[in-house]
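Below, chain A partners chain B and then partners chain C, in two separate complexes.
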Partner chain A sequence: MKNGFVPQTLTEALAIRRREQVTPYGGGTDLMAEHHRAGTYLFLHRVPELTRITEDDTYLRLGACCTFTQVVNHPATPAILKEAISRIAAPAIRNLGTVGGNIGNGSAKADSVLIFFALDAKLRLMNADGERILPIRAFYKGRKELDLAEDELIVEVLLPRQMPERYIYHKVGARAALAISRLSFAGLWSVEDGKLTACATAFGAIEQMVVRLPEVDEILIGVPVAQLHRVRSQYLQAYSAKLNPIDGRISALYRKSVCLNLLEDFLDQIQSAE
Partner chain B sequence: MSIPFTLNGTPITWDGSATDRLLDVLRAEFTCTGVKCGCNEGECGACSVILDGQLVNSCMVAMGRVWDSEITTIEGFRETEAFQILDRTFAETGAVQCGFCTPGMIIAAACLLQRNPSPTAAEIREALSGNLCRCTGYNAIISAVDRAAKEGCRP
Partner chain C sequence: MDSISKSVVKLDHGPKVRGEALYAPDHPMEGVLHGKLLRSDRAYARLLSVQVPELPEGYVFADWRDVPGENVVLLILEDTPVFATDTVEFLGDPIGIVAGPNEAVVDQILSKIQVEYEDLPPVLDPETSETIFFDYSHQQGDVDQAFAQADRIYEETFRTGYQEHGYLETNGLTAIPSDGKLTVHGSIQCPYYVHKALKKALGVEHEAVQVIQDVTGGGFGGKEDYPSILACQVAVAALKAGRPVRTIYSRREDMAYTSKRHPSRSRYKVAVKDGRVTAMDIDILYNAGAYTTMSMVVLQRGVICANGVYHIPNLRVRGRSAKTNTVPNGAFRGFGAPQTFFSAEMIMAHIATDLGIDPLTFKEAHVARHGDPTSTGGKYHFPVPLLEMSEKLTREVDYWNKRKEYDTQSGRYRRGIGFSFSFHGAGFTGSGERDIIKAVAALQKYPDGKVEILTAGTEMGQGLLTTFAKIVAKELHLPLNQIIIALPDTDRVPDSGPTVASRSVMVVGELLRRAAARLKAEWVDGEAQRFEEKFQEPDFVIPFNIETFQGDAYPTYSWGAHCVELEIDTFTGEHKVLGAWGCYDVGTPIDMTVIVGQMEGGLLQGIGYSHMEQMVCDRRGCIRSNSYSDYTMPTSADVPNMGVMIHVEEYPEGPYGAKGAGELPIVGIPGAYISALEQALGADVHHIPFSMEDTLSKWTEVQTL
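On to the complex of A and B.
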């Protein structure tokens, strides 16, 4: 085949990745939209280890080349991930686009990546010699800058089975379908005996990388829901001090205002859900 | 090494670059000109085809991805009984004006009805949400698909 490889096993894929100068091709939707079709693609859709979803005691394991349609139809997929995926583009794109491709493209606007940050997912990377597992936050070094060696492939996304029970998800886009996020928010929490026992929030599409600040969410943990108003301004101020949205098609000022409004909604939602 | 695939039921071995776009190859080399190029970036659905039973935008597919796969375009779907029903209901409800989006709309509708023979209006809208039409305002298209489903269209 000219300018391409279609490996049938992971071993074969990793051997090609080491030997040749190739661009990994997951669903192809970002690569093909970029129009420059020079180079050589490593087509990964035939590799069984990359296209299946498995579960163990600790993780739901999404093969990096599972399509959005495949993930959204799987019974073990968390509801927040299903909701975010169902808002990505349109059915034809979701039939092609993959979770590994969404990550590997390196954009902070990737709608599934926001959820992987909020769930503190890990990535399993492999080369021909072995594997390493790292938190998704450590994988992103900057916009389009990833901790992925020339001979490595993203093999699996590991979603912790233990996760907060409730969530809210917001995608701010220009229209219902086929919208690139102008801003996105995921917030998850759990309440036990009237107290917040877990809280995880993340913002997408506002900075060069998805924003996830566990040290700020820590302010809420252990607080009785009935007393949330006491830490409300502390939480909002801590977030406000750390958020530095970039100017783009929409202004940094707009982005920051919407972020803080969404956090207010998030706190209201926690209180009204009890 | 060539790329083997099936196009509208016919086995093909294609000798070209794995990075070429399916859309370009279908139009230029197999005269499947019912597959339209609208936007080049997966936003309009005019180039919709069926890849191994699933709706995809052919502008978003490199030829290496179709290795050993089955492709159905409007030229292949046109030969089915299900097409005859959609063809008639689109005409009867006035769902076609300039016609540029229509092959993509029909292919997207076929993929929906294959999976879900009795869709709600909301499900039809969702299934066609990646297909843009600048003439009809969509309601006539939704009605056409709804009517086809009720008339037993089973792609």
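On to the complex of A and C.
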């Protein structure tokens, strides 16, 4: 029985991707649980271009098939990403699960994806003809709807090396390990000369897609930390107006209350850090 | 402590860690058909017709018409059908079974079967049910007078939710028909229960049925009654096909359609006079589900334990078990007691707080003492070590300082520490051991000097093979490797009763010790010898009357004291358990590692029950949380700091002083957990599981008062 292909190079992988009906397979930690016996898979773990982490002047480049363990162990990985990854599932799953798989799954609950949104990461996609690079926010079009053509693969996650200095991260899971996020929050900021020069927040697992509202975060930029209280309610109201959490196993009301609590805490942390 | 407590490597450890142990699905599949059940997708409906497509060769469909004996699964009563006939009573009620060589084809056939229903209005809420399966009452003293003379009267209502067993291995059985005999083997807790049910459904004599336990991956009570139901269904399919049939449940099937802990509602009315509780008037309602299965005995234990460990001179308890069109609820570790112990612990704590007394101090002033009457007019014949245990435990965990410290706190994270007491009445309720079970255990000595243990006791991970072997080896002064013990086969072992009720070591273990003592006294080298022992009720027992609920419901009790320390995040409602500790008296531990493992596992299971294990039925009567990603049970990461202390009060009628152990830890934990939560929240709590969403909403409510 043949249920897949094991390409050794990216060129070979892209050729198969174009030729065959295949599901790209990173670590398989989601696909194994789905258990579609008839599926044909493109196993990507042997492709060198997909399994390495490199750096250039602008980006930290994570190959799509880098495992979470590999990313956590890399010296250049940002602390907020390390923290979020350390809360994913359990060590055995982190040893197999990949960043590209987390993105390709399309879920708003994916813990590494939240950080990629907050860091305004870009994705490098390729098909046999060439590549395109787009912001991760543009890649997600809806729940489980991705801007990925039938013949394309996610090749790299590009994390800007220029990023805010401070962060807070909070994951609400049903338990301490092996828990899908019920809500997650990432907030990053920088302060120079007493003023907020950068601010980026994102919520995961509350709507169909990760929530990232740069236009709301914009309210805080340029504000002196000592004057933050003046824009506090404007910021919270703007956020509140835009948040529209889904009702699921936990209620929309709970999700929204926690979001606002965490935003208040975020503002408090900015102030108390100075 | 007796030297027997020193731990050994469990006898089944090697084959399990080497992967050699054969669980129900591991046996060869050659010549065995896959069996899968056709289930109702309505909670309550008249069954008008079932249209089965033409079956390929080698495939069979069986339903109630194919049951050779009575279409009844004999459990305690006889209302559970093997297959539905005129009506379906819950979503998932088995209508028939398809069996055949290819699993995918079996699935296809199932998807093509057309079932025509006429919907009937289902009853999903036990409060509105007009069918009360069981209704028990018992009373001590003069309750009305105590209320008339009370200084204060408290009334509160408590609710507890479903709990799923979460055994590692799902239900699974194989039925093998052969000439004049039907053999069932699989994941089984009580082989003779299965045997009894098969005889009735197949309409055959004792010798025509054989039941063998395969290596079983956990039970917790979930495989006490359920395998009897599945065995009858698989056996009917095997007889119709004339071939062996195996059914292994998927996790979703197991979670949605097999028994769980009974959800409950308990109303407590309590009279207090001069700072003491003088009377309790308690009304209990359990959601039984669609058939009675184990609800009768689960409710009995619930009503007997309704006053917790406390001596309440005037006590009135009424308990009812109501039918609903939901999955039948059954046995689960603690067996009806965790529900009422939670309520009793919380009402005592709430009254104490209202009186301005520390809950633990108040509880200690009310605990029963050695010689006191029990809730049913029996007697605590043996020492009640609760006060010594609370002394040990509070010192170990620095309870009093922490309790005081956490009374005043501020900020995002709030802490609490809580304490609870519990007992577990060891063995069957009432005179069940004497009148119903009548356990028999045997030892077979072979000419080479090896001795085989013959009982119906099952190993489910709780260590019974090891503890039985240790008892016999010690009594015979033989090394452990001279003792033979296998998983039970009803063709070979006498009926020593089911492996339930924390009875096996205390009751069956003592029969084995006595048989071993006789063998030792009459040992003849080189000869085969066999000794049998039959259960006899100890002389001190005050006979229990099941009609009046009077007498000793249990010969003796195992005791527990629990402490939980936790922290809540008031921004998110999340709980973090900082520590969970228990001090337990189970008599002499027959193996310390086994006992500590049981106690730690029960602590964790009880913490899950208190907080994170959420399972609900939707408006269709469908269990929604039917996978492990939906139904979250705690992992070791949730309670990294766990401590177990052992206190020993030897029981003279148990082997080397042993009492019941397995169920004890889960019975009392919710009381300690929720007390800790209440201190952190600064508010009273009346239900479990108390989720993070409940926590946040209660916190918000308290802050806006």
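Heads up, the rule we're going with is that the second predicted complex is superposed on the first by the 273 of 274 C-alpha atoms of A that agree within 3 Å, B and C clash if a C-alpha of one lies under 4 Å from a C-alpha of the other, contacts with A are read in each partner's own complex, and residues count from 1 in each chain.
Just so it is clear, contacts are C-beta pairs under 8 Å (C-beta built on N, C-alpha and C of every residue); 3 or more make two chains touch, one makes a residue touch a chain.
Quantities reported herein were computed from a predicted structural model and do not represent experimental measurements.
Contacts of A:R249 after superposition: chain C is touched, whereas chain B is not reached.
In the superposed model, A:L262 makes contact with chain C only, not with chain B. By the touch criterion defined above, A:F43 reaches chain B but does not reach chain C. By the touch criterion defined above, A:L178 lies against chain B and chain C together after alignment on the C-alpha atoms of chain A. Within the superposed three-chain arrangement, the count of touched residues of chain A is higher for B, of the candidates chain B and chain C. Of the two partner chains, chain C is the only one that A:H170 touches; chain B does not reach it. Overlap of the chain B and chain C interfaces on chain A comprises residues 90, 176-178.
Residues 1-3, 15-21, 40-43, 45, 48, 51, 54-57, 59-65, 67-68, 108, 111, 126-127, 129-131 of chain B are the ones touching chain A in the complex. Those residues of chain A that touch chain B in the complex are listed here as 1-6, 25, 27-29, 31-33, 35, 37-41, 43, 45-46, 69, 89-93, 95-96, 176-178. Residues of chain A that touch chain C in their complex: 90, 170, 172, 174-180, 183, 249-251, 254, 257-258, 261-262, 264-265. The touching residues of chain C, when paired with chain A in their complex, are 412, 571-574, 576, 612, 614, 629-630, 632-635, 637-638, 691-693, 696-697, 700.
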